[in-house]
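Input: one structure, supplied below.
Each chain gets a letter, A, B, C, D, E and F, in the order it is written, and its residues are counted from 1.
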Amino acid sequence: MKHTPTSHHELGPLLAFGAHPDDIEFGCGGVIAKETLSGRAAHFVVCSRGESASHGTQAQRLAEAKNAARILGAAIEFADLGGDAHFEVRAVHALKLAGIIRRIRPGVVLVHSLEENQHPDHPRLGQLVRDACRLARYGGVKELRRAPPHAIGQLFYYALTPEAEPVNVAPVLIDVSAPEILAAWTAAMKAHASQAASRNYVDLQLTRARYCGLRAGIGHAIALFPGDPLVLDSLAQAGRGARRF
Amino acid sequence: MKHTPTSHHELGPLLAFGAHPDDIEFGCGGVIAKETLSGRAAHFVVCSRGESASHGTQAQRLAEAKNAARILGAAIEFADLGGDAHFEVRAVHALKLAGIIRRIRPGVVLVHSLEENQHPDHPRLGQLVRDACRLARYGGVKELRRAPPHAIGQLFYYALTPEAEPVNVAPVLIDVSAPEILAAWTAAMKAHASQAASRNYVDLQLTRARYCGLRAGIGHAIALFPGDPLVLDSLAQAGRGARRF
Amino acid sequence: MKHTPTSHHELGPLLAFGAHPDDIEFGCGGVIAKETLSGRAAHFVVCSRGESASHGTQAQRLAEAKNAARILGAAIEFADLGGDAHFEVRAVHALKLAGIIRRIRPGVVLVHSLEENQHPDHPRLGQLVRDACRLARYGGVKELRRAPPHAIGQLFYYALTPEAEPVNVAPVLIDVSAPEILAAWTAAMKAHASQAASRNYVDLQLTRARYCGLRAGIGHAIALFPGDPLVLDSLAQAGRGARRF
Amino acid sequence: MKHTPTSHHELGPLLAFGAHPDDIEFGCGGVIAKETLSGRAAHFVVCSRGESASHGTQAQRLAEAKNAARILGAAIEFADLGGDAHFEVRAVHALKLAGIIRRIRPGVVLVHSLEENQHPDHPRLGQLVRDACRLARYGGVKELRRAPPHAIGQLFYYALTPEAEPVNVAPVLIDVSAPEILAAWTAAMKAHASQAASRNYVDLQLTRARYCGLRAGIGHAIALFPGDPLVLDSLAQAGRGARRF
Amino acid sequence: MKHTPTSHHELGPLLAFGAHPDDIEFGCGGVIAKETLSGRAAHFVVCSRGESASHGTQAQRLAEAKNAARILGAAIEFADLGGDAHFEVRAVHALKLAGIIRRIRPGVVLVHSLEENQHPDHPRLGQLVRDACRLARYGGVKELRRAPPHAIGQLFYYALTPEAEPVNVAPVLIDVSAPEILAAWTAAMKAHASQAASRNYVDLQLTRARYCGLRAGIGHAIALFPGDPLVLDSLAQAGRGARRF
Amino acid sequence: MKHTPTSHHELGPLLAFGAHPDDIEFGCGGVIAKETLSGRAAHFVVCSRGESASHGTQAQRLAEAKNAARILGAAIEFADLGGDAHFEVRAVHALKLAGIIRRIRPGVVLVHSLEENQHPDHPRLGQLVRDACRLARYGGVKELRRAPPHAIGQLFYYALTPEAEPVNVAPVLIDVSAPEILAAWTAAMKAHASQAASRNYVDLQLTRARYCGLRAGIGHAIALFPGDPLVLDSLAQAGRGARRF
């Protein structure tokens, strides 16, 4: 409450965090495709190598993640927060992520929601990134002095499963119906071939997006949950409501 | 679920409903001013003459309401739902309001929130208007055959007091800081001179808007609560989050 | 929002509403006993004759209700809101109850909570009384002109069963452990002899009060749910928290 | 709280209420199919003729509803609550529905959830049926003397759209994956041919059921929301949790 | 989301975790008694020796815990998570508990709820066990390679006090009214004689169970809160609702 | 659950915790002023030196904090929980704070709420202090043996921003309208001169207090959120409700 943010709300790059090599793709790959196809830069930070999963070697999974990022038009880097299935809410981790935020200087940040769901690492990363977005603003943090403070424009949470959807925050629905977007998204999910044993996970995500789109009267949509209320210039900017039925 | 909506989401006029002659002005007058100053048409429907209030004759209050609407650049009409302090959730009332919606064919509708608060008429009108927005879409409703079905773009709730703010819907904050907007809003509230006994009610609303603006790092803002999730074309459309502190 | 309340917050009488002849006694009889034993006047309004119940004639039930009120040191009157099992949220009913509030001029009002529970009449009466407390303040309501406006000090909700307890309002717990209070309360509940078939309903209420008291580290307590936040002069007035275990 | 229920918890017939001719089929048709295929009797009460919809004559819609009920192996009757798009929460309606409950004497009752959603009639019917289940138990209700009191075993709410799903009640998921169940359900939905304009409504429901099934690690499932906590004899009865991912 | 669970939902043993030597007995001892009396195996994991409590030596408390487990027909082991009053949410702890789950291979797991309540250790253990249930499924976790992955059937939370009851998850109520069950439960609670100073803690639990039973129209019941929605084969499996009053 | 509290509920001193040097003053300085002006002792524990903030040296900030405490009539000490922007929920921190509670032996404790808000340190300190209040009661905690167990009377949470206000706990509003209280509060906030860059933070707090007071029909008020339900001796003690509009 005593920290001067560096105000900066122009359309900076998109910065997406995922706990495991395929989380960003499955959680919000369609939104990424839409943004990069429209020319916005995107940057992925994958915070483990998925080494605790039942299938896939670390080498395979890294190659898959890099390929998926390439399909979505995003840059990618890896961060170490103690290893897959070992995430903890520690200051040292939040500071590491805040350093990345200061380096990339994003307009929008995307991360797992804070709701407990299928994997304990997911909400932990959500908390760490939320904290990191705050820490990145504070001018006096010793560990962050390498880069100037940065205030992001908005933090959006994505949800890999319905359990992960916050119940008391209205989502915004992003239209991902365009064929080239759906194609890129599907390809990026399928790039994670080592995870084929859970291949109906792709089915789950497309089904969710179709379900979400049907509610809104469009083809497919992905729900994102804003971290703070939206500040709008006019009612026109709010678009229309999702109310097809 | 078996009714074909007439899809129509171009920027139609703004339609605002209030239970008593000064509710729209106090609840969201700043938003109205912003929209009309930018050239959008606005239409008020006042659903009683405020005849149960402690002060002001019906003639005075009607004159005040007309004057306030004029200041805000809005057309105004009056509807009868049984009289001030006598509102009930009846089908006949919802159908009457649906008829108005079909006649005006708004893009955005504004009304009291559904939360119980200072006056029982407020959430009742909220419910009636929410229902009316639905009924206006159904092609077979006998009482509404005079005009073709109409599907609005979005319903926003306004809150006259903090008790009326929904706790589990994230608001959108509309920036009303421009001097000409604040001036028009304040003048419209003060136009209700017979209600001078509650004159710090103007103070309350400006204080709320300042408080809301401080949170967002701007001058003054008014919170509106969307009836359905927002459907957006891109993350850029979502603007930035309200996070000044 | 445009009605001048007659401010009046001295310790007026207690006014308790119940849908059926035994509701007040079972819902908050211990609190009534405590207040009347300390010298405060109490007034009961019973809004049906319990004529839809499985047991007891109307004559029996009226006699029982009068006897129970006598035991608790309260005056009693009956109001007609359409009959047992026929309550509706109608303006005419709220206005009738507002007239009683203007006549009795209470400091505190007690009524069923708004949560749906065992009997549809219960939350309906809660809504009607909440509305009536508002209407009683408005100077211009034609039907209420017989008596001057009156603003109550606080509205408390009582809950006959756990389902009726609001989940998002912290209760205040009233200590009813004193032997003379427990005795009066128990006697008032037992005065409803025609309802003997549900006699473990007495057991339920004493069990709840004991359970509630155990939480607070005292003998027995009754939870009431305030309609509006408490305004306190100091932290000392807030007493201590309920945290025995 | 003063009414003696007639305890009766053997497996009575299933009683399902719908506001419009196709609501039961779209909301929980798969569950109906499963129960009737296993030999349980089912009875539908359709509370309007869908006459306010954009498509279909009353004659068509009645024929469709009868056909769909036949496909699902259920009996059907029609009740009049004021007409499609005219539902109100009135005691007279609740008493009429309570009379049906006393006549059919169901073990389980199914109805629209109480959440506001696409059609104002839906939650209104939910409220009326919930009230009716209570009224059916009270021995002294004059209008209901034709048949003895009846206490149902459980009330389940169904949801036609995601907006209608209660957020603070955990659902139970009923497995409807068997091919003959899915076939009967789909046929019953398609029997409402006049509603073809909303034909992706069938798509929505199958998508929801697939989505729900994916979460639980099975094919398709329908979520129902219990009106009261489940009373179980053992943990084995609770089956397993829905946690595929 | 990238981990293949070993599906295994036959009726495995019951596995109950408690933070201190008497938590399982006080929180859900009646359910344990019911299950073991019906022949199911039960296994307790006590995660501290209660050494921060005001009364009782570690030797006494271990003896009491073993005796109580014996009374309830359960095996018992002790785990060290840093000591009484020192619990933290650390990956190393969750992994240790996941190892126990893989060794015991339970169908049902019972643990403290996640709500903050009387003792900070309680919800921490709840979180650790919830995480452990997830980790036990992932095939690649190095620390867990000693035993094959295991997916439990369901996780139930118990609540030691009302503050610990989750407010937005409907409980299931387990009937523990049978005299032999109540006797075993009471004896197991009283086996913790060193905790005699809090002897009305036994009173609290029996009062809660009686209160819970009264709601359901039975003698005594214990509420458990399922971690995931129940997947049921039919409505009959859901039993009846808890609605005595 | 097995720890004997030392009951002690007389009016002990006020103990307020803040994460950074100015948090107590901005969050609840008016309440502190009111209590100390009425003769109650107050003690501040500031848990960092604000060294991660954008402005102010550590020496400046300590001097400012001491000066502000002096203005409010409170004693002050500093505690180290790992440094500004480095707070974690660790047992060692909670035990350190519990030691302070045993030394000061307060009646009332004040701390940041548990809601995520502007600074990650805020809710972390809230959790640590809540835990510390529990640990201070347990007789056997080795690290705390220096002083006898102590049970506080009540824990109140304060909120620095609206995001930090708990949504499901009714606040109590403390009247801070008296000119000498407002003056002391304002002076204490302004004492933090190094934080001048955020000087409209003072404006925010006074605006909030005015807004809160307007709701209650008084000048200025500060909302506090009780950690446990209030135990009251009578309804008179509850004062009146906040319902001016």
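By our rule, contacts are C-beta pairs under 8 Å (C-beta built on N, C-alpha and C of every residue); 3 or more make two chains touch, one makes a residue touch a chain.
Quantities reported herein were computed from a predicted structural model and do not represent experimental measurements.
Contacts with subunit A and subunit B are shared by D, F.
The interface formed by A-B recurs in C-F: of the pairs listed in C-E, C-F or C-D, only this one shares over half of its residue-numbered contact pairs with it. Residues touching across the subunit C and subunit E pair largely coincide in numbering: over half of the numbers involved belong to both copies.
Fitting subunit C to subunit D on Cα positions gives a rotation angle of 120°, stated in steps of 5. Ranked by separation of Cα centres from subunit D, the top chain is F. The mean-CA centres of subunit D and subunit E are about 35 angstrom from one another, to the nearest whole unit.
The mean-CA centres of subunit B and subunit F are about 39 angstrom from one another, to the nearest whole unit.
Looking at subunit E, residues 1, 89, 118, 160-161, 167-168, 198, 201, 243, 245 sit in touch with two or more other chains. Across the assembly, chains come into contact as A-B, A-D, A-E, A-F, B-C, B-D, B-F, C-D, C-E, C-F, D-E, E-F.
Interface of subunit F with subunit C (complex): residues 1, 5, 7, 9, 11, 14, 31, 34-35, 38, 40, 107-108, 151, 153-156, 167-175, 216-218, 221, 223-224, 226-245.
Subunit D contributes residues 1-4, 89-91, 94-95, 130-131, 134-135, 138-142, 149 to its touches with subunit C in the complex.
Across the complex, subunit A meets subunit D through its residues 118, 160-163, 167-168, 198, 200-201, 203-204, 207-208, 210-211, 214-215, 243, 245. Those residues of subunit B that touch subunit C in the shared complex are 20-23, 26, 50-56, 82, 84-89, 116, 118-120, 160-161, 167, 192, 195, 197-198, 201.
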